[in-house]
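The structure is given below, and queries will be raised subsequently.
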Amino acid sequence: MAVLNEEQRMLRDGAEAWALDRAPVTALRRLRELDGQTGFDPDLYAEMAEMGWTGILVPEEFGGSDFGHLSLGLIVERLGRTLLPSPLIDSAVAAVGALRLAGNAAQQERFLPALASGELVAVLALDEDRRHPQRQVALAAERDGDGWRLSGVKRPVPFGMAAGLFIVPARTTDGVALFLVDGDAAGLDRRALREVLPRGAAILSFDNVAVGPDALLSPPGEGQGVLDRVLDRACICQAAEMLGAAVQAFETTLDYLKTRKQFGRIIGQFQALQHRAANLYAELELTRSAVEAALAALDEDGDDIPVLASLAKALAGDTLRRMATEMIQLHGGIGMTDEHDAGFYLKRARVADMSFGNAAFHRERYARLCGY
Amino acid sequence: MADDVEQGFRAEVAEWLKANFPASLAYKNPQPYHNDGALADADADFQLWLRRIADKGWGAVTWAPEYGGAGLTRAHEAVINQEMARIGAFNPNRSYGMMMLGPTLLEYADDEQKLRFLPGIAKGTVRWCQGFSEPGAGSDLASLQTKCIDQGDHWLVNGQKIWTSGANHAHWCFCLVRTDTSRKQAGISFLLIDMSSPGVEARPITLISGTTHFAEVFLTDVQVPKENIVGGVNQGWAVAKRLLQFERDSLAGNRAEAPSLAPLAKRYIGEDADGRIADPDLRRRLILNSMRSRAYSQTFQRAAREAKAGTGTSPALSAVKNLGSDVSQERGELIVEILGNRGLGWEGGGFEPDELEATRAWLHSKAYSIYGGSFEIQNNITAKRVLNLPDYQ
Amino acid sequence: MAVLNEEQRMLRDGAEAWALDRAPVTALRRLRELDGQTGFDPDLYAEMAEMGWTGILVPEEFGGSDFGHLSLGLIVERLGRTLLPSPLIDSAVAAVGALRLAGNAAQQERFLPALASGELVAVLALDEDRRHPQRQVALAAERDGDGWRLSGVKRPVPFGMAAGLFIVPARTTDGVALFLVDGDAAGLDRRALREVLPRGAAILSFDNVAVGPDALLSPPGEGQGVLDRVLDRACICQAAEMLGAAVQAFETTLDYLKTRKQFGRIIGQFQALQHRAANLYAELELTRSAVEAALAALDEDGDDIPVLASLAKALAGDTLRRMATEMIQLHGGIGMTDEHDAGFYLKRARVADMSFGNAAFHRERYARLCGY
Amino acid sequence: MADDVEQGFRAEVAEWLKANFPASLAYKNPQPYHNDGALADADADFQLWLRRIADKGWGAVTWAPEYGGAGLTRAHEAVINQEMARIGAFNPNRSYGMMMLGPTLLEYADDEQKLRFLPGIAKGTVRWCQGFSEPGAGSDLASLQTKCIDQGDHWLVNGQKIWTSGANHAHWCFCLVRTDTSRKQAGISFLLIDMSSPGVEARPITLISGTTHFAEVFLTDVQVPKENIVGGVNQGWAVAKRLLQFERDSLAGNRAEAPSLAPLAKRYIGEDADGRIADPDLRRRLILNSMRSRAYSQTFQRAAREAKAGTGTSPALSAVKNLGSDVSQERGELIVEILGNRGLGWEGGGFEPDELEATRAWLHSKAYSIYGGSFEIQNNITAKRVLNLPDYQ
């Protein structure tokens, strides 16, 4: 575990206590059964905002605390343990990050306070169908007077049914630009997707959506650079959340190994399972190191952030998938039932891996950055 | 079978298939991993096909006609299977009864039991489920608790079963019950229970894949005729072990030969300038899986040849089962990774039916290494019986 | 194990008995200590020839038995168990294969009987320094009157110090051609290499080596096709030999697990080791299937030989390496000593993997052939 | 240390290093995996460097001056290490005595023993070897048999040790001996034996890598002074366990931070049109190893930070050791695969010295998961002490 200051310890302990009390896995179950399109519980999000979590990356002048990424990472790790669906990473990390990196004074003043207070949920509308786009944005923006017109499709957009604001990378004749698009913009159609786990995913169809000049967050040619930096932040926080889920999957499994009896023995006595547990523990420790190093690098503005981000996201992706798979296997039949939580960890492993580029994408990115 | 006789038979089969196999079913075997009858029930053409096969005796090609079979040889069966495969047809009678109970009854049942139960299996009219596992017992089958008490003119059964595949669609259940509480394996009997008996209740279990393939079965004061025990009182363990061998065979057998994932990957991910799947990291894992999958299928063919020739040491089924589940689970993971965001769908619009099916199949595949003897149990068996490694105690 | 006919069973049993008696691992040790440049024991090779092994792929008219590749595979698997170094694959498979596939009547008559009788050892001079060339032959052949002149370097050439004849792929202006070059040709310099295991490897330097028209085995443009087919045969037999080594490494280790005591127990009682052994057993069975399927395909002249060859060679490479590594690990300290045989299996794993293209090469080749 | 004090000390160190570190040794630490003194002995500049460091007290920076150290803090030591690293210098005193025995003596030895043995370690003048393992004992250290009998004025030692690193170059040996045959762990003492005593014979063992780093040590009627037992008679097990912890630390610590293999791979294999290592299969394995290697090094740094801060749960050393050996063994395999045919050389012409060295290092690396507590033992420790999983019995 990282070396923390007093503030960070309080945040972490607060998040842990709150998650246990307010956001156990049953919160996810409830959301699934509600079959709503929001993908998260607005009341819980309001509580999170009240505790200041949505403002942790927002400067104090806009109502945030500017505590930094390590602090936020500690919180999402705790929330990740019980798989709480919330737009915290999408909105309070990615959208806040984009506005801080590229927003002009007016844009920051307009949106950052609302994001910090949790009143506004803003998300990236990034993926275009099958996978992470990797510099191949297809949604097109054309100049129209002093504004722009956007056409194309983004999917899946997490929390896309509920978000009030989208940050939309679009292709222009001069390169990628980022736009701020209102959720209720004319010509913007949203359709809900039912995924393996609730996260309010949507298909966004932009049919000649007109936006004004004040919607331009990052001008053509500069958008990709900003987007890359935003995605590094999102990846690292997403990895922290995945680490939390993996830790919980491991601990739940470990508890089971210590209580379940088969053939007249506690199954945790079987050496083959002991060694598997030991190897999983080692993987968890590796992943924790990568996640914490990346979070620290963000706060120190280190120059190897892209490498550390890809490392953390790739490791977290593999570790969580492996851990969730072993969770099911070691639980045996009960782990295959919907009644047990194990399946949720497996599903989350897949969804989280696909968010902001999967492990394969980040391994390849790491390789390119490191000259392989 | 002489070559010319085989030629003649083959032509006959081809002709019959042409006349009788419903075209709507070609290459669409609706029994992929569900196998609980629910899907097949809904399809009229499937029902028609099952009836025609049953009338022909081809639901159980090698069984005697009095047991509902066609009384033919394994060689005939092979020809029928080959001719079916050629046109995308399939045997509609791949039920638990056919794959597991039938062969076991042929070995352990008395004549009366055979005549009574085999025809329903061969014709596909009676659906069976397996009542082995119990809550708390898991892989340790022999610790089962369901009580079966001799009441003179009948057995009285009380207990609970779990992971009973297709219990909510089954007519009968082959059960392990405890007829002697003083001994472990030697106190178990193999009992056939009519699911419509008073006191039998099946509650479906929803799996992570959303299917309700399994059920819990509650047995409360269920009366079962004395003649429904197979293999003798307290002799059920041997019967069960044989049945589990048949299960292992059929589970492993189901998973040989899988089509290449290269076309799917190229469709979803694209190619690089060099004609390779564009994601080099995923590509390598696809290659490895393909190689293992092919070698697995070669292993299967080899085992079959060797079994036929009765020579050499065949690869142990316990190890083969683990290889099979490993290869197919990895395949399931690879398919959803290929599908990317399209592999995250649960239901409803925005996803192709194939995509939704792949996601469910991926989730379901996690069971391969749990059911039918878990990965760990198979490894124990390999270590002990194949490698002759000593027990811990 | 493959289904065998009576002849094959006799060959297999004969090879097994002979290897145990005449070619235990001490034969390899002896060769190493002799520090000679031959890389094999000519007396043992003569015995092998006497038993007809060198003629198994030679037609009867040239003094062979034409028993086929499965038969030869059974023998090399048995020889592989005790790691006997011999040019059997290089000469009796690869060189014989090249002469049968491409040789004219005169060439076949001149060389096949001598190869079958074991008097002549012929090998491919294939690799050009670091790795398997994969269609990038650098050694050049230029026309000179009605003959040719060869210039370039081949290394390592196994049994290159002892071979009487080389089959040399060379680049011409019209594509790759294959040449037959005498071991004592003028301008051909051979220098011995000391490798981790003896196999008589040499550096062959061709300094304007003049050969006559009768030295042309495969004309320009046709050489690569012949070479590919020859290499498929060599790969498959090499994989059979590696399977034998892996089987022996496994069995030796299994014996050790059953006798070695630690903490008051036979170590084979420990479940973690039992499961590792079970997984290794499964890998061995997969590899055996791939090897036997490929051998059978050769004899049936199947059309998927290239795919099956690459599959077998890649699997055998990985399996033998893994098995040898586990052999050392499970033997503990004693496995690290030169006195124990384990290190020989590890070294052989590496050398055999590099022969005729390593596992990585064959995975990639398999992938290309199968459209990945 | 205040910032300005540190600045001053750093400048002082840099200046001293500039004046005293032999240029010929820059970036050429001759102690890579041999560590038996044989190589270092042969190098005059190395000997010079060792003497200069010893005179400065920097062979054991934090030890008290009466023990041959410089009496400085860990912070000073860190500055010295950083300044050395900057110019490719290194501590020439990384011996078994320094890494394992010294710290143990500091905790367990009496004052007289400390004054007698620590200076030789700190100055690098006395070389030590470790006499723990015995034939037949392997990982089960506590079953050792070497007898140590009280003869009134001395101990009489008889027995055999194996895997004694550097025994043929060592002046002294720290041994585990049995002073009580009636108890297992509680009958073991920690004894220091002069290797020049009559009855001590070291026979080198050749390893698969060709090195003779280890030896068997035969102890025949060896007389050892009574005062050479550390930590008390029959109290040796605790001393040994502590020493093994120091060993684990140093083994794990040795293997953090490894330079990228990409340049080597591109040199030996070439690049594709896209600037990638031309062998896509090997490339992916290189990437995975690089990622794990980096995360391993991050884990090390984290453990150090956490240990310093005394907060949180640090990753268990047993698990870290296994990760470390795994990553470096894989690296060894990758390097010889990169070298291809050039990775098959043993000695003599036709190979570059670096190539031969890589081949030997690959072979030697197989020992990482065996010595200092095998992979299996470390996993047992993790399962038991870190994860609190129950024992089998």
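Note that the chains are named A, B, C and D in the order they appear, and that numbering of residues resets to 1 at the start of each chain.
Keep in mind that, in the parts below, a residue touches a chain if its C-beta (ideal position, glycine included) is under 8 Å from a C-beta of that chain, and two chains touch if they have at least 3 such contacts.
Remember, it's a predicted structure, so these values are computed and weren't measured experimentally.
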| item | value |
| --- | --- |
| Chain of greatest Cα-centre distance to subunit A | C |
| Listed pair (A-B, B-C or C-D) duplicating the A-D contact set, over half by residue number | B-C |
| Subunit C and subunit D: spacing of chain centres that average the CA atoms, whole Å | 40 |
| Whole-Å gap between the CA centroids of subunit B and subunit C | 43 |
| Inter-chain centre distance, subunit B versus subunit D - centres from mean C-alpha coordinates, in Å | 55 |
| Multi-chain contact residues (two or more partners), subunit A | 270-272, 274-275, 363-364 |
| Per-residue overlap in subunit D, given as positions that touch at least 2 other chains | 280-281, 283-284, 287, 376, 379, 392 |
| Residues of subunit A touching subunit C in the complex | 270-272, 274-275 |
| Parts of subunit D lying in touch with subunit B, wherever the complex brings them together | 273, 280-281, 283-284, 287, 392 |
| Touching residues on subunit B, where the partner in the complex is subunit A | 133, 136, 138-140, 143, 162-163, 205-208, 210, 268-269, 279-282, 333, 336-337, 339-351, 359, 363, 366-367, 369-371, 374-376, 379 |
| Residues on subunit C engaged by subunit D in the complex (per definition of touch) | 127, 129-131, 155-156, 191, 193-196, 201, 203, 260-264, 270, 272-273, 321, 325, 328-329, 332-333, 335-339, 342-343, 346-347, 350-351, 354, 358-361, 363-364 |
| Subunit D residues within the subunit A interface of the complex | 260, 262-263, 265-266, 276-277, 283-284, 286-288, 290-292, 294-296, 298-299, 301-302, 305-306, 308-309, 311-313, 315-316, 318-320, 322-323, 376, 378-380, 382-384, 386-392 |
